[in-house]
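The following pair of complexes shares a single chain, chain A, combined with chain B in the former and chain C in the latter.
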Partner chain A sequence: MAGVGFRKWAQALTKSKGTGISALLSGCRAASGGSKGSLPGSYPTTPEEKAAAAKKYNIRVEDYEPYPDKGEGFGDYPKLPDRSQHERDPWYKWDHPDLRRNWGEPMHWDFDMYIRNRVDTSPSPVDWISMCKQLFGFIGFMLFMFYIGEKFPSYQPVAPKQYPYNNLYLEKGGDPEKQPEEVKNYGI
Partner chain B sequence: MADYREAPLATRPRTLDPNDYFNLSPEKRRADEERAALRANLKRQYQTQLNNPHRKELIEDPALTRWVYARSNPYPHFRPTFKTSLLGFACGVFPLFALYYIFKTDRVR
Partner chain C sequence: MHPTSLMMTTSLMTIFLLLAYPVLTTLSPAPRAADWALTQVKAAVKLAFFVSLLPLFLFMNEGVEAIITSWNWMNTLTFDVNLSLKFDHYSIIFVPIALYVTWSILEFAAWYMHADPFMNRFFKYLLVFLIAMVVLVTANNMFQLFIGWEGVGIMSFLLIGWWYGRADANTAALQAVVYNRVGDIGLILAMAWMATNLNSWEMQQMFVTAKNFDLTLPLLGLIVAATGKSAQFGLHPWLPSAMEGPTPVSALLHSSTMVVAGIFLLIRMSPLIENNPAALTLCLCLGALTTLFTATCALTQNDIKKIVAFSTSSQLGLMMVTIGLNQPQLAFLHICTHAFFKAMLFLCSGSIIHSLNDEQDIRKMGGMHHLTPVTSSCLTIGSLALTGTPFLAGFFSKDPIIEALNTSHLNAWALTLTLLATSFTAVYSLRVVFFVSMGHPRFNTFSPINENNPMVVNPIKRLAVGSIIAGLLITSNVIPLKTPVMSMPPLLKLAALTVTILGLMVALELASLTNKQLKTTPTLAPHHFSNMLGFFPPIIHRFTPKLNLVLGQTIANQLIDQTWLEKAGPKALVSSNIPLITTTSNAQQGMIKTYLALFLLTLTFAALLVSY
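Here is the complex of A and B:
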């Protein structure tokens, strides 16, 4: 009896195409959770499809521009300008202030790249040429100086170490009877 | 400042953007108003749900759902073209054989 009940439940599960617990229990689709038409679809070809897609994504029809259909997997997702969240007004009352985004606003495909912890496309404080000149000038100068340092090394003057007792004649195994030659390691 | 050149992939400061000064037209104003109307509609929906005292559950964001769905399901829209197959080879096939070769020769040495 329990086995029969389990089999019927499993059949109902596989037949239902719904979402969530309500689908598991009743076998029909839940009304909540977004309808099928609100999810991204395939590349729009006709103007009606374009208008429908623009309405779906809450964008003006003139602003809606899908990614070019090169088979890269974008479908009808809109191509929004590549602007980081850094650039958005910090003083406007966003619905989500840390993300600087309003509820329901279409998200960029690379939204997780453009958050405020990551890539920043805001205008640079100094222009590109000055930045290039400063960076490569510094690196070039340091490389040049290191090269010269390799070619002309400079260090404290060194000489071989001088030992006392006639260059350690006895310690090096010299004959104690024989008189060693006098070694003078200094000059006055 | 007349010769300001922005960094590649970065934007120009709003005050140096010539479009703000020269290309103003009623169409642009109308477009901005339409965008503001869309934005206000979304704001209204969000605020009604947010301030609803009988709401017990999370406010679901359909734009977020669509984004997640689009990012995780690219395969129905995938088509093998020259560029995509080249990319696939460069990322999937080439490292396989290259790493095999490198490890094999390194181990022998």
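Here is the complex of A and C:
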């Protein structure tokens, strides 16, 4: 009696099309979710494999270009141009307007870097080298000038007061017979 | 207890309770009243302002300051963290000013944000920010200051990203948080150094025990913290980007209160800084560079809020210069006067923007003096105060700073840069007034453009009154702690005025040229440098995240596998052994008979040698 129940349970477990442990036991997959054909595969070598890969990723065959096979593990994932979402037309009616992306579009390998909150690859009015030269030249110039400014500081000159009559020699009680020494604090 | 100190303590506690009460009422599930923002929040801030006047008058009359330690929070055998509030000269003057400015901004925000469905939440955020700011300025220990510091940072993030559906606002909020975080590294470094070396976070103990230490490292940390929070050069791009937030946010956080927190930290720590010439020189040079760089960027901007934002950044650089001159009280005076006219400039900008149907480009404004005379007059008053026009608020703080610069022994280039930035201030201020108020309108006719709503005009008028008399009031009632240099040649005394007038004349000349120019946008290289903010944001915001993210991906995807499988594992075994194997097997050519013959020959010779 219990054995019959156990057998039925074991059959249900192995023949079910669920996920988790039953899928582990039976090897079956549920009908929803990605099929095996939609997962990334190995690097395509023949034109037929290239065409199949292009169809899988929803790109035209002429646009499809896989990453070079250098052992980095990209497989047949397409190499899309390194353009961030900033460069896409802000006025076009995208399916996801905030992401500037349509449904089913292939995602760039580094899509998380190219979202609108992160790296912007749009062309700048001034080219990159010129920008770097101007900014770092400015910073370098400022640092150099600060160094010069430390060498030649600005200050109000201060000197002891110079009195007339030989620095008031006689008034200060100096000997009238002796020749006073010249005290010159500053010249005019 | 002495009645004066009792009154001080009571007032401070009352202020905290008044500000916290509206926030606590939001914890209940019952919905707020329709006019909760005006009747509860604005009223709370207004009442707190009048309450805070009591300690202010006590201080002005008797010079009394209070330090209140009210709660032992975390106390170990050797280290105490208490809830201790310092109501000294700086916080007694700053709290009423912050509350006055916030009161005006809240009244304005009730008009500006009236169409927003979440206005109550907006006001709650502003109130939480204000509480965090008051906690920061009244903190007597570093832990409490840090709580306030982080609190204002988080509220800044929430408020900049108020319109979170806009990706640019999200990016700006993230920028603010990340740049502030970089500054926080410095603050935490300083706090850690103080905890380990001075064994306390209480300011009084720190100032006494720090006398025998070399304080360069913690001071560098504090300067980095101020660079992040107060948008000094290097960590400055977040401040202009923060203009993505609503104008009341820009007026409160990013002009009057939050951005001065970094300078306020340095002012609080001034007893530590004043004996360290390296730190002082660093503050001076960094402040001078900031003030000139941001003033240069402000010259060619076309968004009215961006111009005012860069103006704020430039004045913050000037405050940093003042700290570098070892004049913390002058820097504090500038914080106070700056709060008035900068908040007013922002409110005037907000009023004009809303009137022109959310137009922020000054090239599409013009002739506003005929349409909104009070707003445009207050814009002019604010600009004049900013440039240091004699006897307005800015004059009483800016002029002593320039005089102190001219009469001190300091880096000559820092002096040059600051004077140049002062004249640039006049240039961009005139540019704003010229494009916005003067001339003829360059926009389509809108209706209604008027100033009939008192909720717009009264705050601006209140702040205008502050912009005119605040400088005089504070300087006549507060005794300076350092003797200012009184005697100097007339040229130095009038230096600030001279460079400002020179700047104004240059700006007037440029303004008259503007009417005759043919191209809409200039194509000169210096214009590009200024307009694109010195190319700092494009370079840093493209290069650094890309480097970090690509590096992260490469390490995660390839480097670990490559290391363990190729460089240190099976393939390494192969690649290290193959040369050995090749050498060995190449050496052996397979000539077995020759090897045997040689072997036997060698054996024979050896046997012969042994036997003989």
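The rule is simple: the second predicted complex is superposed on the first by the 119 of 188 C-alpha atoms of A that agree within 3 Å, B and C clash if a C-alpha of one lies under 4 Å from a C-alpha of the other, contacts with A are read in each partner's own complex, and residues count from 1 in each chain.
By our rule, contacts are C-beta pairs under 8 Å (C-beta built on N, C-alpha and C of every residue); 3 or more make two chains touch, one makes a residue touch a chain.
Here the structure is a predicted model, which is why all the values come from computation and not from measurement.
Participant: More residues of chain A are touched by which partner: chain B or chain C?
Facilitator: Of the two chains, more chain A residues are contacted by B.
Participant: Touching A:Val183, do we find chain B (first), chain C (second), both, or neither?
Facilitator: Once the two structures are laid over each other on A, A:Val183 reaches no partner at all.
Participant: Is A:Met131 contacted by the first partner chain B, the second partner chain C, both or neither?
Facilitator: both
Participant: Looking at the overlay, what does A:Glu72 touch: chain B (first), chain C (second), both, or neither?
Facilitator: both
Participant: Could you say whether A:Asn58 touches chain B, chain C, both of them, or neither, answering first, second, both or neither?
Facilitator: first
Participant: Return first, second, both or neither, reflecting whether A:Phe152 touches chain B, chain C, both chains, or no partner chain.
Facilitator: A:Phe152 contacts chain C only, not chain B.
Participant: Tell me which partner A:Leu170 touches in the superposition: chain B (first), chain C (second), both or neither.
Facilitator: neither
Participant: Which positions of chain A sit in both the chain B and the chain C interface?
Facilitator: Looking at chain A, the two contact sets intersect at 72-73, 121, 124, 128, 131.
Participant: Could you pull out which chain B residues touch chain A in their complex?
Facilitator: 4-13, 31, 34-35, 38-39, 42-43, 45-46, 59-67, 69-71, 73-81, 83-84
Participant: Which residues of chain A touch chain B in their complex?
Facilitator: 33-34, 38-40, 42-43, 56-60, 62-63, 70-75, 77, 82-83, 87, 95, 102-107, 109, 111, 121-124, 127-129, 131
Participant: In the complex, go through chain C and note every residue touching chain A.
Facilitator: Within the complex, chain C contacts chain A at residues 165, 167-168, 170-171, 174, 281, 285, 289, 406-416, 488, 492, 525, 528-529, 532, 534-536, 538-539, 541-542, 545-546, 549-550, 553, 557-558, 561.
Participant: Please name which positions on chain A make contact with chain C in the complex.
Facilitator: Contact set of chain A toward chain C: 72-73, 98, 110, 112-113, 116-121, 124-126, 128, 131-132, 134-135, 138, 142, 145-146, 148-150, 152-156.
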